[in-house]
Each structure stands twice: as C-alpha cells, then as structure tokens.
Amino acid sequence: MAKKFLFVNRKAPYGTIYALESLEVVLISAAFEQVVSLVFMDDGVYELTRGQKTDAIGMKNFSPTYSALGDYEIKNIYIEKESLEARGLTLDDLQHLVWEDEDDDWAEKDSIHLVSSKELASIMADQEVIITF
Amino acid sequence: MSTLHTINKSPFDRNSLGSCLRVISDSDAILLIEDGIYAATSGTIFSDVVKAAVQSHSVYVLGPDLSARGMKEDGIVEGVNVVDYEGFVDLVTEYDKTNSWL
Amino acid sequence: MKLAIQINEGPYQHQASDSAYQFTRAALAKGHEIFRVFLYHDGVNNATRLAVPPQDDRNITQQWTQLQKEHELDLVVCIAAAQRRGLLDEDEAKRQGKDANNIAEGFRISGLGQLIEAGIEADRLVVFGD
Amino acid sequence: MSTLHTINKSPFDRNSLGSCLRVISDSDAILLIEDGIYAATSGTIFSDVVKAAVQSHSVYVLGPDLSARGMKEDGIVEGVNVVDYEGFVDLVTEYDKTNSWL
Amino acid sequence: MAKKFLFVNRKAPYGTIYALESLEVVLISAAFEQVVSLVFMDDGVYELTRGQKTDAIGMKNFSPTYSALGDYEIKNIYIEKESLEARGLTLDDLQHLVWEDEDDDWAEKDSIHLVSSKELASIMADQEVIITF
Amino acid sequence: MKLAIQINEGPYQHQASDSAYQFTRAALAKGHEIFRVFLYHDGVNNATRLAVPPQDDRNITQQWTQLQKEHELDLVVCIAAAQRRGLLDEDEAKRQGKDANNIAEGFRISGLGQLIEAGIEADRLVVFGD
C-alpha cells in the first residue's frame, strides 16, 4: 500500500544545506513507489528561481536537478501563492517544471501548481507523512 | 487526516508559527516546544495571535521547556494546555501525523 | 504504536537531539515501539565517539548509545550526510582511504532509503531540528 | 566609531535586519550577504524598509550571493550598491568595526 | 592599551548553545583586562530570567553563572527596553546582577542598566570590537 | 590591515565557512594580513580530515588547509567547543583516552583566549555564522 508523502521546502538555497539535502531525499523517495508531493512555501520558493550562478561563491549550483523531478515521476509540485507574492515573484521567475504523460502520447504537462494557503491547507491535510525542510 | 504541528522557534526570532497558522486545518493541533514556548507566554506582542489560535484549535506547550526557561505555568495564555514528554507522545499518537515546522 | 524519529542537528549546538532523546525515552516508557532513529543533515554528528563534554554536562552520544543497548534501537546515520561532514565507521574509512573513524557504539551507517522506509513502516514520523 | 553591519538572514525568515535598524548609528553602513540579499530585491513586502534605510545609510549587497540565488542586479532597490568580495573587504577596512547580526 | 569589547546576546537559552558559549567567551575576556560590556536584546533578554529549572530537559542550568559576572569585574550590562517590553517582561523578571565597588567600601551596586534602542545605538557606536551571539 | 575571522558554523550545513573562505582569499589578494581564523561553536567541525564530500562539490576543509599552506594562516580551533563536539588532535585524544583523532593538517587546537587576543591584536574582527 503506497503512502502519501509530502516534502515541504521552506528555506532559501545556499545559505543553508536544507534545500539541497531535501532534494536528495525527494529523489530517493521516488524509488519507493509512494505517492510523493512537494510544496514550496516561505523562502522555499526561492529554490526554484531561474538563472542561479554560483561560481563566485564557490558552491555547486544544484538548481538544474529540479528539472529531473519529472523523470522521477514527481509531478505534484505546489507553490504557495501568498509566499510568491510577498516576495514580489510570479511563476515566470521560477523554473518551468514538466513531466511526460505516458498515457497521453508522452505529452509534456506542467508539474507546478500555484495554490492559495487555503488550498494548501487541504493538500497538507490529505497527506500521511510530512517532512518539512 | 488530522495533524499535530510542532513549533520550536521563538515567534520573535522566526515566523514558523505564522506560516503554520496560514495552512492549518480545523482538526489540527499545535504543540509549542523548545524556544517555541515563548509564544505561549502572556503579555507579549504575539499573545493575541495565540489567543486567536486557541479559539479554533487545541494549543499545547511543553512544560519541561517552559520551566527550563523560567516561564511559569500561570503566566501563559488562557486556553493553552501544558503537557510533559508523555503528553507529547500521546499527542503524536492521537493525531494522524506530525508536521515539524523547522 | 510504531514511531520513527528524525534528527537534523548536531549535539549541543541545538536542542534537537536532546528533545528527541527525551521524547524517545517517554515513548519507550509508554510501551511504544521505536522503529528507527534516523540522523540526517548535521544530525549525523550525534554519532561521534570522540566527544568529551564537560563533566557536569550530559554526554549526548553516550545517552543514545545507552538507550540503544537497553531497547535495541535502530540508530541510523545517513551515509551521504555523514560523508560530507566527516562521520565514518571502519568500513567507510577503509573504502575512502581515511586513517581513522569516529562512529560510536550502537550507531550504523546506511542510505537515505532508510528514512523513506521509516516513513512507510512507522505509524508516525517525528522530526527534530533547527 | 563607525560600524559596518552585516546581515546574512532573509528578512522573511528572521528579524535581524529589523533589530539592526533599531540600533544603527548615522555614520554606519549595512552589507547584505548570503540569504540577507533577498532584502535588497524590489517588490517585496520588505522593499520599503530597505528604501527607507537607503535614505539615511549606505546599503550594500554582495553580488556573488545575489547571482547564486538567481537575483538580478537590475532588480534591486534603488540606491543599494552591489559589491564583490573585494568590495566586502574594502568596506570592512573603511568602517572602524564590523557587527555581524547572526 | 585596553580595547572596548561588546558582547551582544540575542538568542534564547537552551534552544541553541550560543547563549552558553557566549558566556564562556565573556568570562575568558575578563582575564585580558579589556573594557568589557554586555548587551541583552531581542530573545537574549530571556537568558536572564529567574527560576530556570532544566532537570526535565536533561540540560545543565547555566543561569547561576551570570551572577558571577560581578566578581569578574564585568559591570556594564545593558538591557534593551524595547526587547523587554515586546516580551511582556520587566527588570523584576530578570536576575538582579551586582558588583562590589572597591572604591566605595565594597558597596553593592547594580550592574544592569535598562536602556532604550536609541541609547543602545550610542553605546554600540562607542565600541571597538563587537561580537554578536 | 590586520584582519581576524571567526567562524561559528560547521561545513556545508551553513554558508558561513564558505563566505569566510571567499572573504579571506579576497583580503589576502588585496595584501591584507590575516591575523587569525578562529573556529568557534560548530565551526570547529570545519577542521575534520575525515570528510569525503561528493566529487563534484568543494572540499571545505581542504580549501582551508591549502590556504593555510600558501599564506601560513593561523587556523585555531576552540578547545572547549571542540571537546563537546568530538574534534580532537593527537595530544587531546591521548589526554582524553580516545583511540582516534580527526583534526586536519594546518589547524591547531587552543583556548578561547585566542579569540580575545585576535580581537585585541587585529584591526578588524569579522564574524561568520548562522
């Protein structure tokens, strides 16, 4: 019986390692055939910004890895609208994450769903295991 | 599926309590632990937030963390329930899952 | 009930490991089963046997080792997090060509899958961190 | 004695910028580094705080930390100056002391 | 030539170790015959609350050590009024720290000075080395 | 000018050590003297030689060791903080009856007084942390 896992990302990238090591957990979880969802809220929305260039801080740019989530069948990705707005961001500022639907001739479909706090509340209520980073 | 939300940060230092309250569901409860216990104390600029939360949700505070920080049980917001580690364990089993707002 | 615990911070710097320890003891005292304690992020540093805290303070690693002995706890250190931070057992030290190891008695090193498995198998997962 | 105040936390996550602004002196400057750089970006709920700070103090932001996080130099609050690590070093020597708001 | 050192305490006790290890730095600094001052602001004011009892969390209660500061000739201790007020606290909720004035027949004198943010600004401006915990 | 650096957090978990490293390199390149780099709190964990970070990532400890060699940096690990967290050199391991040590080349263990001395002797002290 598959369980519903939710990983909640609330931290900015690079300042701390939580965003990167959270992504490592998410990728591993794909191998367990569970129902996996991701939330990006609070400073977690900054993890998905486009055009990250880390050369000058000497750290590895791990943002390209998010685009692999689709290949791992991770396609329930929720972004909290209120967090985006507070930061003056829109979905256009973030990476465009997609997955390919095997049942629909491998059509590319959006993985990212913009949700309100209220919608997020019911998504979170529906989960069986939540790990917040 | 009900959720026990744990908050371990001072509301003066971080906004995890605020974030939790934005997405909490009706059947959920909050447990304040570690530096999160300061949110439960009366007379602070955050007391009204907790007073409001108590109206709609069960709010608990971990007694051992209160005592460690010199906060008195009679100085907490009305309606907040004090539990010890055994009570913490009971809450974890009582609610369907736990979400730690780290 | 079957409970699993995750610890994200190292000893002393944050209360996370202390809180997890008190919670675990209370859960065991109430007759619950602890399916696994998983050390992630800086939490892997709780597994070092080289710490020498002041005599009038608690020894966090020894507390966990003792509890492991009494209750056959499964204390798992995440290998990826541990490699980054320099927490090794004898096998890992050999494989990595390191001349020493520092893991304490009662802990074992394994993969991140052990955390997901804990989420699947346990009735509840409780996370302690910063 | 002038002070360079460094802020390394996102204003959304912690209140170190607010605390710094409460006790800053006229001759002091602020340098935003690490996750602190988000305070320098335009259009956020904190942009007005930084706009006000720029009126009375020199405010700098570390370019390498901006770029790492995908934030553009043309998307920051007017009056905030971008420096690299060399500029960071110059600021440290230019002001009489440094206060890191950790 | 003695330098003016200021240690700024901004973190609550026990949740993290900064308060305790800050105190260790302060005590060592006394041996160097510098001009040492302490500030408690933000959650740092919680470090000085009376009646801390740590048995049930299994940690060492280090709050009694603050009363030794006077013996180390550390008597410039500043508490920010705004931080206290935001937390619903008054000086009566905090330890009463004193020092003995050798030049005044060992009279006990208050070490703690309640200051406004504005006064604190000029105290901080006057320092040569600031370490914030 | 004479600069001193304090690092309060361990490697990888926080950017503190990376920022301090970039700052130190820039200061040296501009001809400043680095009086001392003092590792405090979890910052002592930057001095372990047992870490094995992923091959495509930076090795923070090796970066410091390399910089130490090139510029004869004084990299000091606080003894009290190190004992709590399990960072030992050979002498300390012997004295504490531990069977291994984990300090990397180029670091030395000493007392908190070294931080105060750095504050006195250096023209500026810059602190990196959480």
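Just so it is clear, A, B, C, D, E and F label the chains in written order, and each chain counts residues from 1 on its own.
Here is the rule we go by: a contact is a pair of C-beta atoms (placed from the backbone, for glycine too) under 8 Å apart; a residue touches a chain by one contact, two chains touch by 3 or more.
Keep in mind that this is a model prediction, so the values were computed, not measured.
Student: Spell out the chains that contact chain D while also contacting chain E.
Tutor: Under the touch definition, chain D and chain E have B, F as mutual neighbours.
Student: Taking each chain's centre as the mean of its CA atoms, which one is farthest from the centre of chain D?
Tutor: Result for max centroid distance from chain D is chain C.
Student: Taking mean CA positions as centres, which chain lies farthest from chain A?
Tutor: E
Student: Could you tell me between which two chains the number of C-beta pairs in contact is largest?
Tutor: C-F
Student: Quick check: how many Å separate the C-alpha centres of chain A and chain B?
Tutor: Those two chain centres are 27 Å apart.
Student: Averaging over Cα atoms per chain, report the distance between chain B and chain D in Å.
Tutor: That pair's centroid distance is 33 Å.
Student: For chain B, give me the residues that contact two or more of the other chains.
Tutor: Expected reply: 8, 12-13, 15, 34-35, 64, 84-85, 97-98, 100, 102.
Student: Please set out, as single numbers or ranges, the residues of chain F touching at least two other chains.
Tutor: 12-13, 15, 19, 22, 41, 57, 80, 125, 127
Student: Tell me, which residues of chain E touch at least two other chains?
Tutor: In chain E, residues 14-17, 42, 56-57, 59, 129, 132 touch at least two other chains, as defined above.
Student: Tell me the shape of the graph of touching chains, choosing from line, ring, star, complete and other.
Tutor: Shape of the chain contacts: other, as it matches none of the listed patterns.
Student: Which chains are in touch, pair by pair?
Tutor: Applying the touch rule to all chain pairs gives A-B, A-C, A-D, A-F, B-C, B-D, B-E, C-E, C-F, D-E, D-F, E-F.
Student: Could you pull out which chain C residues touch chain B in their complex?
Tutor: It is residues 1, 3, 8, 15-16, 19, 22-23, 25-27, 29-30, 32, 123-130 of chain C that touch chain B.
Student: Sort out for me which residues of chain F touch chain A in the complex.
Tutor: Checking each residue of chain F against chain A gives 12-15, 18-19, 21-22, 56-58, 63.
Student: In their shared complex, at which residues does chain A touch chain F?
Tutor: Checking each residue of chain A against chain F gives 14-17, 56-60.
Student: Please give the residue numbers of chain C that touch chain F in the complex, ascending.
Tutor: Counting only chain C, the residues touching chain F are 10-13, 41-42, 45, 48-54, 57, 61, 80, 83-88, 93, 96, 98, 100-102.
Student: How about chain E: which of its residues touch chain B in the complex?
Tutor: 11-16, 42-43, 46, 49-54, 56-57, 59, 61, 63, 86-88
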